[in-house]
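Listed next: structures, encoded as structure tokens.
Two complexes are shown next, each including chain A; its partner changes from chain B in the first to chain C in the second.
After this line comes the complex of A and B, so read on.
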């Protein structure tokens, strides 16, 4: 008997996950935990799912209130004797019966309808006595149109160029600096480290105007370089890489020197390959920073042909006649790369943040 | 077996991507070897530091000095040499208030409105951010099912761009949005959120917490996991109550991480701009216009680009951030001591 009770309590615990409650009973904190988590999933993930679902709705479906959950489109059917496909409605007839009818045309508040099974005669139905028959349908034109007709392909291209080039430049110059600071003992190293840590504290928001001046005098306004270059020397990156390179055994470097390797060769053949895990973390961070960057590009990119996705999206949503069906679709396009990176590299990102306290 | 083949595919991909990189490094080899021969191995670290230092100098150090000089000049010209020196006039203009508690009485009322809005914002945002991050971290630290999944869910919004975050919520909060549909379905009236100053501020705070909470949760979770489990075991053996364990063990040992989280959230909060700018545009009126948006508007969007005034405001912001960063350093040092 007691054996059976123990087994059942074990299975209950197995079902609900390991709990802090004793004897399989749920402590109130366990109930609270799962309620909190359930609500959390809804609150954190729900808005993103709602965005994705909405992005597949037609512009007219988006105007509906209350909104439907899934993207729906009205069914259109081919009726004998009519060239174009006709929209299908569910109509309540005068005798009270409900029938699926296709609408031929609408005149004022009356709708001229036809029974698909009996196309010969037309039936008059008041428009308030009919409802659309709809099916699940995704409005892919929301995605196609902005990419084909508007400049979004251009924005996408600009964003990719900025992200890739900036990340490569960042990786190269930051790893060089980190190598210099980690491997060598030289006068002035402490001062440079102080400088690096000091610049960690200076966000771009504090020096917007003078950086704008520097970028303007270099003739880079409205070019992608104005976005790529100012943030390339990241103190975060130098710091992260240096800390990692400090753990590389000195014997390896001494051995390479014995073999008459040049300092440059030691950097890229010995140290860089060993620092790859830290480089990967910096690469992921850099991709996130650049892809999501907004304020600085907003300031230096003033012409549509150099907009990045973020700036383009903002310009698009700021227009008087907001075309939400396009905005939603392009928002989804903007979040796809980040989501992919997250899905595959979550471990890297979370350990990177937890160990460096930076993002 | 499958993993092994994955590994080799991954390696092959890596070496394929690495090929042009290796080619580049090899091509640079003769150049750097020549430099090394020319200046000697001892000076080589400076060569490695050079590119980064040039970038730092050009885009951080130099601007820092220019910023200060800018704030002492007037006029509308961009280049410093074209601008007349006016001393501390910009600061005088910014700080000219009859009563500092009321932005209306200030000559530059938008600046003060920005400061007051920012103070209100960071007070509520940081308080609730820390509170919810702590609760979430405590819950994720329990022995729950699918912990990895839940952790990922709470962390995901951190990676989204501010523009995406703002548009997601704008879409939900519109007049005919899903939130209003919900309100109507439970018998309430629609609310025009972005017409009301209070609601706009509420959603600005809510959305920024939503977007950044996962980051702080992660730091607190790392702190919780670093607490030695034998402390809890000892407490359990002594029959200590859960509440007591929390107040006497968990919270004191987590406190260094809490400090870091609070100061980091303050530093980020003072600089709030992106997501609120896209969400509310600073409106209605100036109800959600913060200090960074004031700088942006003054320097870059107004008809007359007032770079001097924007710089002076940046210097004020910079001083505030400097104080906060010093606090952060102190907090981090305490953390390392423990």
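After this line comes the complex of A and C, so read on.
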């Protein structure tokens, strides 16, 4: 590759526009690559974009067929002599001319329309000879209503509390268990580790009832602790952190011991900072698990004050009537925090894998 | 000032004994070097003293207190590791202050101690860097500084120079010697490099396969090795050792070994007909005229260093012979060389490798 290409690839523009062909011509692999990447973007990002766009549609627009890509709303105008704003249509009149008319009311297959410029006279138009005049409009009430009326801010708050507290508890106790299993050598260490990994194979559905009984007998039903505590110790987390801690040079721990550090100080000041990359990975996992958790909160949270977002979303789904516009809007809301967290912590992972500083 | 005493210390991993009953006293303020080939148990012994390794039986006594059950953190020793073991996430300052913070010293005193150690080791400019940003020699100094600030009862060094290049190793060796002269603490130093041992030590402990072969001052070990292992291990290049048989001679014994027959005074413990071996250091082999020579060998390689010359010679029935002479010798490869063994520096060992005689008068 030439120097110019090498330098240009360092900027975002250069990176995105990088080609294998030189002098602005495209090599066939460039075409193939961009098509492949474009397909990937469509596949991965398409549903998310569809979700976001749909969340701004009104409930009637959502049910429309064929669906529109952009959220559109019918234009309504104020016409002299009518109290309410009237919807605007494009009507084909009997003489063949096309005109924008406002509809006063609809009677059967006929619609009674009025010309905004000449409000005195009403015109009868068959409904199949008129089309709605629409503009790009976002139905923000999809967001406003649930957040104001249905107490979604409360659910959001609950979800944040569950996620943050549970992740902190998970990180703390998992790293402590991992420290014990990685740093100390004792009889039965491998057996205990095997047991921990073995629990990975037990699906949640199997232990649902026993855990529910335990949680009930501890009186935690309908409190957020019922969601936070049972899943705090995860075999995945212990395994992940333990394997990472095994790679920390033993010399460092022994040096700390010679430096009069207590076991807690070794854990807190030496091992934990060095295990940060693994902790970040576990933090991301934990946040995603907790934020998206549905089944368990649904079981133990029965009062709407303690609902998490996912359970709250479920409430829009009645037996007879599904409020798609609210579900879509609130799904977008639930997506935002995880996306942000991932964006920030992912950067931490890639840059933060600290080399141990030892040869 | 600290005296460290080991008595009957044994260590086994499962059914494998690695340390077979070590008795040793390291006097207060002494620079003691454990030296031996890889796997001889010298690092294990150091870690036993440090408290990082349990012992199977025996006693470790520091300043009169038996410390067998006292954990490493409470023994008051400081250790410098081969890998330096600097905490990679802490600045140099933090690395050095870590031990003091754990001892709950006041901030001002920590600051003062770290700064004075940094001045001593010329690290003032690096205090706020991470270990990653330092060169090998600087990291080594930080590791030593971390030990110094603690003002420990004794310093333990586990092959601290083995990760440095040859030139830096010589420099650091001198700095360590100066440091010991400066602060005068008890130091135990593990190395497999006998040159380091000879140059640094007040007392050398030669270990092999978990046993002490000899303890003594560097020159004691050089002049009076107690057995063939120490004789071969101490000194560079290593001593020439020949298997021989004792025969009765006119005024004592004749040691016969291939083409070489050497008359020596009578030796206690060696009777005619006994198998034995004798050793002569390369620097004690003279190149002489033919009529004075004990053996004649052909030179297979001559290394001319200008100030000194090394000759590697072959003779039938003998292992390769190394001779070291000062100055420049005009010996070509393949040339016959007449060698005379200096009787005052001849070492004779019995069939078990124990020393029978170290040098003969005249």
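List of remarks:
We take it that the second predicted complex is superposed on the first by the 249 of 359 C-alpha atoms of A that agree within 3 Å, B and C clash if a C-alpha of one lies under 4 Å from a C-alpha of the other, contacts with A are read in each partner's own complex, and residues count from 1 in each chain.
One rule holds for everything that comes next: a contact is a pair of C-beta atoms (placed from the backbone, for glycine too) under 8 Å apart; a residue touches a chain by one contact, two chains touch by 3 or more.
This is a predicted model, so every value here is computed, not measured.
Once the two complexes are laid over each other on the shared chain, residue contacts for A:262 go to chain B and to chain C alike. Of the two partner chains, neither chain B nor chain C is touched by A:138.
Greater residue coverage of chain A by touch, when chain B is weighed against chain C, goes to B.
In the superposition on chain A, contact of A:160 is made with neither chain B nor chain C.
Of the two partner chains placed by superposition, only chain C is touched by A:254; chain B is not. Comparing which residues of chain A touch chain B with which touch chain C, the overlap comprises 262, 265, 354, 357, 359.
Of all the residues in chain C, the ones that touch chain A in their complex are 50-52, 71-74, 77-79, 81-89, 98-99, 102-103, 130-132, 136, 146, 150, 163.
The residues of chain A lying in touch with chain B in their complex are 16-20, 29, 33-34, 36-37, 40-41, 43-45, 47-48, 50-51, 54, 63-67, 172-174, 176-177, 179-181, 183-184, 186, 189, 192, 195-196, 199, 201-203, 205-214, 216-217, 229-233, 235, 238, 262-265, 267-268, 288, 291-292, 294-295, 298-299, 310, 313-314, 317-318, 324, 327-328, 331, 334-335, 338-339, 341-342, 346, 349-350, 353-354, 357, 359. The touching residues of chain B, counted against chain A in their complex, run 22, 25, 28-29, 32-33, 36, 41-42, 44-49, 51-53, 55-56, 58-67, 70, 78-80, 135-136, 139, 142-145, 150-164, 167-172, 176-178, 180-181, 184-185, 210, 214-215, 218-219, 221-222, 242, 260, 264, 271, 273-274, 278, 281, 292, 295-296, 299-300, 307, 310-311, 314-315, 317-318, 321-322, 325, 332.
Across the complex, chain A meets chain C through its residues 249, 251-252, 254-262, 265, 269-270, 273-274, 354-359.
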